[in-house]
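Look at the two complexes coming up: chain A is in both, with chain B in one and chain C in the other.
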Partner chain A sequence: MTQVLSELNGLVLGLFIICTIAMTVTRQIGACMLIFVVQSLLLAASAFLLGADPFSWHLFALGCVTVVSKAIIIPWLLRVLTPRGNYYRRELSQALDVPITLLIALALTFAGYAFAQHVVRAAPNLSAGNIAMGFAALLVGLLILAVRTEAVPQLLGILAMENAAFLVGIAIAPDFPLIAELAIAFDVPLLAFIVALLTRIAYRQMGTTEVGTFASLREGP
Partner chain B sequence: MTILLIPSVALLAAIWNAIPRSARIAPTITVVASLIALVVAVGLLLQLQFGATVAVAPGWVEVDALGALLVILIALVYFTAALFSWGYLAVEEHTERRTSLYHANFNLFAFSMLCIPLLSELGLVWIFVELTTLLSVLLVSYAMTSQAVEAAWKYMVLTLLGATIAVLGVLMLFWTLHAAGSTDFTWSGLRLAAPRMNHALLSTAFVLLLVGYGAKIGLVPLHTWLPDAHSQAPSPVCAMLSGIETSAVLYVLLRLRNVFAADSDLHVGLWFAVVGLISVGVAALLIVQAHDYKRLFAFSTVEHMGIILTAASIFSPIGDVATLWQMLAHAVTKSFCFYAAGAALIVTGTRDIADVRGLLGMSRVASAGLLVGGLAIGGAPPMVVFPSEIAILRAALEAHGYALAVLLSIFIVIAFFGVMWHVTSMLTGKPSQQIVRDVPRSCSLTLFLAAIPVLVLGVWLPTGLANALQAAAKVLGA
Partner chain C sequence: MMQSIGLNVLQIAFVLLLSPLFAGVLARAKELVQSKRGPSILQPYRDLRKLFAKDERVSEESGWLFRTAPFFIFIVPLIVTLLIPVLTDFPLFFAFAGDMLGAGFILAISGMFFTLAAIDGGNPYGAMGASRTRMVGFLAEPVIIIVLFTVSFVANSTIPYIVQQHWVHPLANFFAPSHVLLLIAFFMVILAETGRLPVDNPTGHFELAMIDESKALEFSGRSAALVKWGGYMKFVVLGIVFLNVLTTPWGLATSAALPNIGLAVILVAMKMLILIGIVVAVESSYAKLRLFRISEFLTAAFIVSVTAMVTEILHL
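Take a look at the complex of A and B:
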């Protein structure tokens, strides 16, 4: 990998983790979706940069499938299938307030980065940045799931975690047979479709899509 | 090529049932498809009972005795659940269209599970594990009540979270394999390369896969989706989720056990024993304080997954046979328990244990089912769980795992008395309510058919099945 490509990839990785952290605190659901689209485009960009030298058609295919699936199909599916007006609403009932969430996100970023060093030492010739930022973003994705109460941001949290896993994957397993392409091409749109249907049913049954507040199922008389 | 027929019939049945005009014959189509899958699966098991392997596409679609054992368990529960669904859904009086969509989804769910043991490439296996969640979420929310939606959401979020962590484990394992100089990402390829794998990478992959798949299996503390989903999903779906879906994912971990065990510094046996025993212990205590009989059986699934994982930690030939025997016993018994719970729900209209009294006087079918199911799942002789649990304890003692055997025995006894305390309280006493409905004939027939393996396999294992168990255990221990 040339110096220029490597530096560009470093920039992409920095933006990737910033987007993931921003998803934890962006209250408007539409804006959260937009940040997820940018995060997915950054994953695709990293795949293109890593796949340029030495050339890897697997990484180019993965980048293309990511753009089509996560930047086009998923936002479209969610907008069509989930209740209208959802995207312009601000989510006010997050489990934690913004400063605390940001602090935890930063701590998780450092923790993910530190954990990744243990893995990077085992194979220093690979893109260490992807591995470190991937692990950090995976933990921040968990935080999104923990603090967001609305259905769509929770789904975006899962998808952000998946993006993080594939950010590591494109560095450690660039010629991975089929799985990444197939998963992103078929599983992820299916996931978005099912979540959107479930969100619709929840809205119809309970008049809300704040799934994080559901707490009727408990062990007890 | 006949092995491809097994998932194909489920897929074809799903496509047929999705056609709006097929609503009336949807249950028949599902039962016929599941019966075909079961017959072919029996043929496959008999073919592979002496340890052969069938490869349709080498490196991608291959099945050995261990895979064939899981295929027959999935096909068996698929068939009985299809039969139970027939009468169960008729009672609920949904529209024909909703019923046919249920059957389409049900067959797709079965299809995704049937593919797992037929595949040998780990990436594809992961995709089908994730598909089992995606294709069953709407089955869990089928009742369309607020509680069912909540249960489905929790199930989806927790298991997909697990799948996302597991995919990183799969990628890490591929990297580890690559670094060891191999590209054969199959069960056998991984086992061959295992001694050359890097410790840091292998341990990271192990932790990610244990946590990721552990969420789907329902290992403590990632088990919380299980009682919620099982209390809300229709009973035949519970039978599929509990009886075989959890086992199908545990099968993936079991197949990877010896890959990780090749690195002695990883202490895989210790990890399996600790996680397994914690799951058994916590589940036993949760069983005692359960208030909903479907949740009670869900906690029992957590217990059984823990028992199987603990048995796999023993690393001996007899321990491996016992592990797979327990998996078999769990599949046939737990599905039976959920059919019995479904019958009780039809008769009483409630899942609350405290609201059900004198069931013996209300319905012989439901009460006999609950009694047999409770005794069987608790491990009472001579039913199928009893010899498998005895075999596990014997294997633990032979391997000098005395603490493991003692702890396991204590937890199993607590769970047994917990289950029987709740079941007897429901069966005895003065009937507290009117009979809501009678148990439909197809549900009674299912209970009768599903009781046969529960009662018979504890005292007699057919030669073909016994051979297959031995051959599968050899694959597991290889």
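Take a look at the complex of A and C:
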């Protein structure tokens, strides 16, 4: 039984890393958000699979919290609060070309794997896949955060990093304290709410959400 | 021996005779998704019959390449059929004559002749399509090579008959993360190589935007029929490599008994229909990429395949 579960977990992990790469390639906010939702569902699936045998209701709780907060509340909040129109369908500008970004993502994936090897060697009975893919996805999430110049995709980058951190977390600590679960249940939607609100105000004031360009001062009215 | 050759002939017949049907089903399904009625699923057969009956016109400027290329385009997928497990999961007569890399090279022969013939025909759109196809081909090549490397790491072999056993024995290999990554990468390559959306629009009529189709513009009559049929067969052959070797090695005949083979024909055709369903879903949900965005699509496939290889090497 445990064997089957860990095999299924492998499948989930493969799809998780594909979602992370897909988020790096996607140029539309709507599609990016959809991939983020799928990634969150995969994280929840991994939590359910790891928590089933030996049974851990902490991991089940974490899975449920992830589904509710990241797959339902956050996308809804962002949809409601961010600007209307073709905002979700138009192409995003990026600080780097997509092929270059992808090659950096590849290098980061290797770095994540290499780092995970040390952790796995120290604790061989943990799910090695979760740790390696989690570290890799964490670094790629950081890359998404760095290359996007618009507010909402940057937020999605942060959230992708968070998903990746939890992917490692559920492998390392099956008995996650409940307080941490509740913290993410409230913290992350709040973060999304604040960023979405700021984006809305910025869009109304400046007509754009390219926060990368806000660094320089504007002249006169 | 005779039995093995007989089965080979049956495999060729399967690819040869059913490939227009699969093309017809794909076209019809796409139209249905778009709320249109679409042509009958037998339309490709009618097209082929019509083209074989028509006169052939050949440009005065063209040489022997233009006249011989359609035969290569038609024959090559059939040669590859001899090397791959279409209906049986035990090796046949030519099973060890070439591995998957060899099959890839043989398929490349038809690509080369098609490209040269398109330039030879003298039509400017042909040369344009030829250079674009080469661009897509160059970008897809590394992905194919890396996918085959990964396969050889898993199975210690690239002979398709051996590889297909390794995905299911033990079943853990089937669910390995590297397997999923590899499948996605190979599927993206199939879309690019057979000229489907989002890389190329197979139903487009605008010559300037064509990639694959514009190479065939200059062919007429019998040559056009052979080129068309070759294209249908290439899709089926790549689909069968994807299904029977890499994804789902189930449903193949385990012995040469006639009922077994009959069942395998039905099951492989059903698997093919499922693949067509997925292709229709992809084609109906994505717009065609701009020419210079194709490199992004195939870079993504490359990254996925390299990740698959590293994941496999590290046994994650």
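In this section, the second predicted complex is superposed on the first by the 207 of 221 C-alpha atoms of A that agree within 3 Å, B and C clash if a C-alpha of one lies under 4 Å from a C-alpha of the other, contacts with A are read in each partner's own complex, and residues count from 1 in each chain.
Everything that follows uses one rule, which is that contacts are C-beta pairs under 8 Å (C-beta built on N, C-alpha and C of every residue); 3 or more make two chains touch, one makes a residue touch a chain.
Bear in mind that the values here come from a model prediction, so they are computed numbers and not experimental data.
Bringing the complexes onto one copy of chain A puts chain B beside chain C with no clash. Looking at the shared chain after the overlay, A:117 reaches chain C, while chain B stays out of its contact range.
Comparing chain C and chain B on the residues of chain A they touch gives the larger count to B. After the superposition on chain A, the angle chain B-chain A-chain C between C-alpha centres rounds to 160°, nearest 10. When both complexes are overlaid on chain A, the residue A:133 reaches chain C alone and has no touch with chain B. Look at A:8: by the touch rule set out above, it reaches chain C but stays clear of chain B. When both complexes are overlaid on chain A, the residue A:102 reaches chain C alone and has no touch with chain B. In the superposition on chain A, contact of A:18 is made with chain C only, not with chain B.
Of the two partner chains placed by the overlay, only chain B lies in contact with A:182; chain C stays clear of it.
In the superposition on chain A, A:161 makes contact with chain B only, not with chain C. No C-alpha atom of chain B lies closer than 20 Å to any C-alpha atom of chain C in the overlay. Against chain B, in their complex, chain A makes its touches with residues 118-119, 121-123, 134, 138, 141-142, 145, 151, 154, 158, 161-162, 165-166, 168-169, 172-173, 176-179, 182-183, 186-187, 190-191, 194-195, 197-198, 201-202, 205-206, 211, 214-217, 219-221.
Residues of chain C touching chain A in their complex: 171-172, 174-181, 184, 295-296, 299-300, 302-304, 306-307, 310-311, 314-316. On chain A, the positions that touch chain C within their shared complex are 3, 7-8, 10-11, 13-15, 17-18, 21-22, 25, 98-99, 102-103, 105-106, 109-110, 113, 117, 128-129, 132-133. Within the complex formed with chain A, the residues of chain B that make contact are 121, 123-124, 126-127, 130-131, 134, 137-138, 141, 144-147, 149-154, 156-157, 160-161, 164-165, 167-168, 170-172, 174-175, 178-179, 185, 198, 200-201, 204, 227-228, 231-232, 286, 289-292, 295, 352, 354.
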